[in-house]
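A, B and C are the chain letters, set down in written order, and residue numbers restart from 1 in every chain.
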Amino acid sequence: MSEAVLKVSGLTIAYDREPVVLDFSFEVMPGQLVGIVGPNGAGKSTMIKSLVGSIEADVGQVWVKGIEGRKSRRLLTYVPQRGSVDWDFPVTVYDVVKQGRYGKLGLLGRMSKKDRAIVDDALEKVAMQDFAGRQIGELSGGQQQRVFLARALAQQGDIYLLDEPFTGVDAKTEAAIVDVLRELRDQGAAVMVVHHDLSTVGEYFDTVMLMNKRLIAMGPTAEVFSKENLQKTYGGKLAIFDADAMTVVSQGGQAR
Amino acid sequence: MSVANVINALEIAEISARSLEFFSFKYAFVARALTASILVGGLCGAVGTFLVLRRLSLMGDAAGHSTLPGICVAFLLAGSVSTLPIMAGALVSALLAAIAVGVITRGPRSRSDAAIGIVLSVFFGAGIVLLSYIQRVATTSYAGLDAMLLGNVAGISPEQLIVLGVVTVLLGGATLLYLRPLSISTFDPGFAASVGIPVRAIHYGLLGALSLSVVVSVQAVGVVLVSAMLIIPGASAVYWFKRMPGVLAAAVGIGALSGALGAWTSYLFEGVSTGPAMVLVATTFFLSSLAFGPRGGLLWRAVRRRRRQRAMLANVSVSATGVR
Amino acid sequence: MKRFSRFTWFGVVACLLAMGCEPEKKRGASNVGKTGGDGGLAGEKPVVVVTTTMLASAAREIGGDAVEVRAIMKPGGDPHLYQPRPSDAKMVTESALVITSGLHLEGWIDDLVRNAGGERPVVVASQGVEPIKMEGSPGGVDPHFWFDLREWSKASQNITDAMVDLVGEETDAGKDISKRGAAYKARMQAMHTWTGEQLATIPDAQRILITSHDAFHYFGRAYKIDVEGIQGVSTEQEASQRDVANVIEKVKSREAPAIFVESSVNPSLIKQVASETGAKVAGPLFSDSVGTPGSGAETFEAMFVKNVEEITTNLGGDYKAFSPEEKGK
């Protein structure tokens, strides 16, 4: 019934001869909320960046909604890690969310009433409408993350790629963001999230992707998020405190 | 000839009389010098703002210094100090330097400040070598090549002014046209790439615009001081505005005003060349911004600190802003 | 791919560094056959190093075959702005005598001589010259003394004495040098008288000499003509718009028929004044250097004569060529 909205085949990315992502292939359906987990340096961010076009892949093909090629990447909505942003840059919260409309407005397009409504709506969804006039650097980590999520919402896409959205974010914000993601998923979007906290995987994601340069396993969380798959992914440096794999603590497995 | 002596020697009346002359454009060359100074200030302010925001300020320095070898080579090939070949030579070597830096800073393990510093030194060093070579072997007069180091807008010809004007209009228009992609790619390059903004092209485009701006500006301020006019307006503007349109407008305004006031100062006093005067005015703007600017200026920071302390002492909870 | 760009980069840097070495080697090659080091003998002739091209011209005429004269400056160069190179220090090392212009013209010569090491007499040609003080700068003097031929004669005497001391007073070479020095001095005297006559033919109202920089005050003092320069005594001083405006006013008020560019200074400011006032641009005058080959002003005498011709004819005077009776050689 539903076609894969995102299909990747044979993706390989190397920095300087060392492969960081190796022979990666997977499919994502609409209505999936996918958690991507793996140890540090496993290539998770790199893989996401190459999908949206921020990094060049060496080998591999990517189909977005069945279309291959660079142009189709625009259909992806990307929320990057907060670390790569220049916080001193003179933009307000409203400006940042407005950036989400760039795909439609282009170089000189004026904002229509509809565009304004979309931006306001996005800000409300993340409860940041009162901060619209603040310079982005004045906000806390959690508030900044919410603004970036609002920007993603303003893009009005239906395939979301988020890179570690919960890093440096308070618990309340994390819960709020998860709510928004679930809502998106329920509306039929596909959402992929690079996630670092293994203990919340079972709670947040219906699908999980385990990777360490290669794809170890991908599928429904209940099936795939198992002790043996985790051992394979993290190289055995793992302490599991609960056989259900609901409370799992990683001891920083390193990528080979 | 110190400024103190000069100010003692001239009555206020004299200064007023000369100022009146200045603004009435008694001489055509003064009108040209004023126009050129304003254009150079505004253009460098606009282009330089993006350098400052991208933390490429050192590139402004490199661009200025990198024109020198091109100027010398152009002189050796053309055999004269005429405008067009000199500007062409300056542009070629500035572009080469920009490409060199662009290539180096795109790499994964790049240290952009070291790369820019190296390019700056190599090009300028080559320029000095060529300059002394010219001193040794020139069979035609090379008078005026040294002038490129410091620049003198008082000597600007109508042709040079027209070139400057055209370049300013073109680059100014391009900046306004591409303001959104420039801003987004500076703020969040990963996101920019994902919405189809050609981040690399913008990077090189900016460096190209920089080279062009520098080439037309050296005749007014010289290769050494052009980096000041690129960096100071933008660096000052961020103390006043929290959004891009404001920052850009302020930078252009500060640059243009520095140019105008510098030209005016050069008219008032003997021995004060316009280029250095412009830079001194711009520096004054920067110091004022640093001290009094509402966004991070020293005065405001002190005032806010006092308010916070007072609020804490009065046991009122600090609002959740400003705390990361 | 990344390795490739690294090597290219390295290659570019290495090439640029090599460029810095090349001129040195060229110099060295041309010195083959002439032993360097102390003693300063070029084959058999002692080497005399001078700074300006004017000094070189005088020294060569007076010294003749007895000495080898080398000049640090090249024609067309500006001694105010000159940056000495290591090969210049080498030149000094290989010399037996150094003659400088003095009066702070060459700020760079002292270090050069000191760095050259060794011992050699350093003679200041302007010794005994009556200097013109610079206004506005306490203790500052105008170095352009060669434009007053009486002072230049004194300098030529200093040059003669220095070279005679070098080769020995009683030697044939010494006697020849003395003879040529006297002839040179006499010719300079004749030229001095002639210059005064030429300039006297300029109508009083038009006796105003406007140039790029203040190089001609000694000329003005000696031959009774007003002078004004846009830039100050040293071209290191940048001219402000005020300076240009002042000169424009002067040109207008005196109705100067012509203003003059100089061979070693950027002409753009003079051209600016010309376009504002409609005055004719004349010249080039040779101020801080003799002319380049082909300019007709390759020696000091030629340069001075050309200047006088240019000034006299363009300011409405009646010019007659210089034909000294006792012209030597």
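As a working rule, contacts are C-beta pairs under 8 Å (C-beta built on N, C-alpha and C of every residue); 3 or more make two chains touch, one makes a residue touch a chain.
What you are looking at is a predicted structure, and each value in this text was computed from that prediction instead of being measured.
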For this session: Determine, using the mean of C-alpha atoms as each chain's centre, which chain is farthest from subunit C.
Result: A
For this session: Find the most central chain, measuring centrality by the gap between its CA centroid and the centroid of all protein CA atoms shown.
Result: B
For this session: Determine the centre-to-centre distance between subunit B and subunit C, using the mean Cα coordinates as centres, and give it in whole Å.
Result: 37
Exercise. How far is the middle of subunit A from the middle of subunit B, if each middle is the mean of its Cα atoms, in Å?
Worked result: 40
Exercise. What is the distance, in whole Å, between the centres of subunit A and subunit C, each centre taken as the mean of its C-alpha atoms?
Worked result: 74
For this session: At least two other chains touched by the same residue of subunit C: list those residues.
Result: 2
Exercise. Can you list the residues of subunit B that touch 2 or more other chains?
Worked result: none
Seminar exercise, completed: Touching at least 2 other chains, the residues of subunit A are 16
For this session: Over in the complex, which subunit A residues touch subunit B? Could you list them?
Result: 15-16, 49, 52-54, 71, 73-74, 76-81, 84-86, 88-92, 95-96, 99, 102-103, 105, 107-108, 134-135, 138-141, 151, 155
Problem set entry | In the complex, subunit B residues that touch subunit C | 1, 18, 21, 26-30, 33, 81, 100, 103-104, 107, 118, 122, 125-126, 129-133, 135-144, 146-147, 150, 152, 154-157, 263, 266-277
Exercise. Can you list the residues on subunit B that touch subunit A in the complex?
Worked result: 53, 108, 177-178, 180-181, 183-184, 186-191, 193-197, 199, 238, 241-244, 246-247, 295, 320-324
Exercise. How about subunit C: which of its residues touch subunit B in the complex?
Worked result: 2, 5, 9, 12-13, 16, 19-20, 23, 74, 76-78, 81-83, 85, 136-137, 232, 237-246, 248, 262-269, 271-272, 275-276, 284, 292-294
